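Naming follows writing order (A, B, C and D), and every chain is counted from residue 1.
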Amino acid sequence: MKPDHLDNIVAEIADEMAQRTDRGEVASYIPELANVDPQRFGLVVIDADGHVAAGGDADVPFSIQSISKVFTLTLALGKAGDRVWRRVGREPSGSAFNSIVQLERERGIPRNPFINAGAIAVTDLILSGHQPREALGEILRFMQFLGGDDSIVIDEAVAASEQRTGFRNAALANYMKSFGVLDNPVEYTLGVYFHHCAIAMSCRQLAMAGRFLAHNGRNPSTGHNVVSPQRARRINALMLTCGHYDGSGEFAYRVGLPGKSGVGGGVLAVAPGKASIAVWSPGLDAAGNSHLGRIALEALTKRLGWSIFGV
Amino acid sequence: MKPDHLDNIVAEIADEMAQRTDRGEVASYIPELANVDPQRFGLVVIDADGHVAAGGDADVPFSIQSISKVFTLTLALGKAGDRVWRRVGREPSGSAFNSIVQLERERGIPRNPFINAGAIAVTDLILSGHQPREALGEILRFMQFLGGDDSIVIDEAVAASEQRTGFRNAALANYMKSFGVLDNPVEYTLGVYFHHCAIAMSCRQLAMAGRFLAHNGRNPSTGHNVVSPQRARRINALMLTCGHYDGSGEFAYRVGLPGKSGVGGGVLAVAPGKASIAVWSPGLDAAGNSHLGRIALEALTKRLGWSIFGV
Amino acid sequence: MKPDHLDNIVAEIADEMAQRTDRGEVASYIPELANVDPQRFGLVVIDADGHVAAGGDADVPFSIQSISKVFTLTLALGKAGDRVWRRVGREPSGSAFNSIVQLERERGIPRNPFINAGAIAVTDLILSGHQPREALGEILRFMQFLGGDDSIVIDEAVAASEQRTGFRNAALANYMKSFGVLDNPVEYTLGVYFHHCAIAMSCRQLAMAGRFLAHNGRNPSTGHNVVSPQRARRINALMLTCGHYDGSGEFAYRVGLPGKSGVGGGVLAVAPGKASIAVWSPGLDAAGNSHLGRIALEALTKRLGWSIFGV
Amino acid sequence: MKPDHLDNIVAEIADEMAQRTDRGEVASYIPELANVDPQRFGLVVIDADGHVAAGGDADVPFSIQSISKVFTLTLALGKAGDRVWRRVGREPSGSAFNSIVQLERERGIPRNPFINAGAIAVTDLILSGHQPREALGEILRFMQFLGGDDSIVIDEAVAASEQRTGFRNAALANYMKSFGVLDNPVEYTLGVYFHHCAIAMSCRQLAMAGRFLAHNGRNPSTGHNVVSPQRARRINALMLTCGHYDGSGEFAYRVGLPGKSGVGGGVLAVAPGKASIAVWSPGLDAAGNSHLGRIALEALTKRLGWSIFGV
């Protein structure tokens, strides 16, 4: 594809989204997130050649929230390999992102690494053998490395806000702890979890960080091998089946790309072999996923023919 | 790809599978299915050019069971369009193929068209305005048309066996009926459902029938347009997220292709733009999916680089 | 107690109830029941001496519905003894009268004999070895014997109405059948079940029929021993913990007597050693129990000091 | 009844229990409780005249655990009246003592005050407006007052053990907190909860403390009015329907008295108008209730004809 063509499509979609009035509801359960301007919209596509097509608020940092789960899973797989799968499953949950019912039925083993319980279990694995501060430093450096930008930071106000109000996550963590699924003190694991969810990144940084998933585990510009090709494919598969909580089926049906959403309104999507994509619109739909984010990605894959399910 | 290469890979995999002793358990809940020889194995791949690579028992008919749900969904979408989605959702269920719990929580609306309850609701839509015999005739003719073979028939012994013992499905149907989700008499809808699950096809016929899904809704050999490109993509997306019950995540993780399994041990898989694939091995894993079928497909996509999640 | 005093209290309560405008909602899910006049109210208390205090519509027959479950349990215990408890539990369900969720979790064994599933399992035991007509005749004769009135009949219009619309019960029965909990053809068991629920009795007949439960298994007027003292106590215990579906705790808390309600608006209550009580008011509360029936019984036990939980 | 007769029966039962080898399993989930000698058995009955019949280890203190929930409920009702019922329901739960599933379905409102979640919510009410130390002091003084013994203390080793390992309870508390059901900091509420569960009492002290429930809210020996007659009846009703977790139906069926068990192996039972009873045997059954405790109470009510469900 010609870079111009991609630029035009991204610009068009950013324009269309700017005009829409149906923007969903900004997440209110984390007080700091509720203050974000619902009119914000950013879209960045980085193709295989490294061309960056950017639209809207492409350089405004936002709270990546659950999108961080893709990167902590990557890190945990690197450290613990398939031992990760003793702590967490690989199936869609069929319920909301913070459901505890499934944990009771399945003895504290979360269904997948992308629901909150699963990501907390993955965080606990990264933490093992380290102090919370060290583990968090490792995660942040990994994000800076992948995003190619040392200025990426944790928004401490958001982290503190979650720590004060994250009772549901504390319930999940304590529940898993009661089954022996967590190794570390609950407050340590939660501390690291709340902080990595509070990493702030722009669409440009996020799309850069996701490039290895689009290109067999390797960033084609830097040549860095992040994971093996098989592992990249498998992370993509998990994003497709589990990346949007109880809206994963809908995202696959409409967009047709592996993707991971966060309650900050961001979505990272992967077009294997073609591009890494980041979109941001703070308003959420009923399943807790970015409302315009999904619509923008649907428009993008349709115009570019990028669905993995057919041309 | 050269046809020879594909032929060789299919032959290799058929050989490997013939030697394995871990074959899963043949389904016993339908008495007629329990009699099938667990040593059977068939594999057929039909590529974009129409080349057919066949291995093992490629021409032995088996009971397609839930694989028929892909085709009844296709038929129902053709007749009722998006009205289908008023009766059935598009999300993975997070539970077994015959779970009734989800129905109670969600007022009788099945989570997706590929669990039993969802397929019964889809069958009810096809039946509406017709006699059971007519509806069943329409489904069978559709299969003969897609499979390019008028000799495809319903195995009446299997249908009768299910009708005698299908109490769980009768529970699901009556439950949905109590919420007004079914229009027709329960016994009519169940009769059509049991019969279309009892259609017998060989891997060759099944791979042929699935070609439209691999090629944007069109059979490239006959030129028949079965569905629109968008609809083909969407059916593929549903197969990926929901096609293997509570093993859908695992299938996506290991195989990386949209697929639909049946308790007869068959699997239809789709490599968009590349091939339609049918595999058959009667022994099932714990989630009710063909044990060697999944292993064979994993080997195939690995050797051919056909995963939709990366080369 | 002096008969006059009891007569006065019953008359007072009937008067008070006649004036209340909060009457709940008449059950609509069985079409025939929806036609009953919500202004109806009957109350009959028969004390240990056989004195009958009657108020309101004491002699108007109504559909006893689930109250019949007390008597079918009594009959089944007489025929099968403790084998009954292989098919059905003895614990409150913590959910609605027609929930199917619990059945999935507990392999088709209903929690207790007073939820629909449990009563269907009990009916199946009574039916075993008989034709449906014979089993139903036995149940009806048992009711006539206990009620001391051969004119008690089944309301065929109600039975037919339930048979046409009882999809939820058909779901429960088929579900249990799939686990092997029922021995007989589902339609036979359901036929007997729908018919015994459709028995029509007046408060006077019902209070008479319940006397053996108040007096250690023996009708003190006739001297007939119906069950052993221990069995009478145990049936009373089950009525207290499970007799009002998911409102059983509330009924124990407010009324303090073993009782069994039906969606026809009747309640049979037992004051051990003191009296058998029947009340009828067709309007139901949110848990499906007679709204004024419970209020009338609360007033009665308060004025008479009949709670089993203290004077 | 003659005191001699009661003494003899209590002695007989204590003898019989001493000889039994089926003693259940001592609770292991709280490390400190696991050390208790499973051969211990105590039984104390205090009749309406204040006569004390004692058998076995009647004066050995044990951890009352969940039996404390009866007394904290009594205290909370005294302080907050019916406001208690905005935080907690009055229905049996139909599930285990520490289930979290019900909380998800019912927006954080526990089903009743005798499951862990419900008792934590009640503790939170007692705590409101106080420091944890003050609230705990109030509870302990209430127990000393009711037990007529200022030497009753909290076993700090047990409290510390629970605080270190009580992750499931921390999950429940955080979960309720996320719904706004708790007012106080989770660690404060849990601290008070763990400590009042760790109160140590002998059967003699416990039977004394329960006397007000057997006698319309009033201790007949001291003349102290603890609660109104109506409130005493209602607490008894809750004990009967909810006092033994998911074994409440079974306890009602076999014993026929209101009762509350604790995982320390104690049971407080109430024969309204007749007696207050405490029994202790550390081994538990599958539902988490004292195995021999229930058997001893069944023998006692049978020989004395004390069931509330009939002579």
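A few notes on this one:
In this text, contacts are C-beta pairs under 8 Å (C-beta built on N, C-alpha and C of every residue); 3 or more make two chains touch, one makes a residue touch a chain.
In UniProt terms the chains read A, B, C, D = Glutaminase.
Fair warning: this is a prediction, and the values are worked out from it, not measured in the lab.
Listed by label, the chains that touch subunit B (Glutaminase) and also subunit C (Glutaminase) number zero.
Chain centres here are means of the Cα atoms, and by that rule the chain farthest away from subunit A (Glutaminase) is C. Per-chain Cα centroids separate subunit B (Glutaminase) from subunit D (Glutaminase) by 55 Å. With each centre defined as the average position of its C-alpha atoms, the distance from subunit A (Glutaminase) to subunit D (Glutaminase) rounds to 47 Å. Mean C-alpha position of subunit C (Glutaminase) lies 32 Å from that of subunit D (Glutaminase). Listed for subunit A (Glutaminase) are no residues, as none touches two or more other chains. Only residues 99-101, 103-105, 167-168, 170-175, 177-178, 186 of subunit B (Glutaminase) touch subunit C (Glutaminase) when the two sit together in their complex. On the side of subunit C (Glutaminase), the complex with subunit D (Glutaminase) involves touching residues 89-95, 102, 111-112, 213-217, 229, 232-234, 236-238, 240-242, 246-250, 252-253, 256, 258, 272-273, 307-311.
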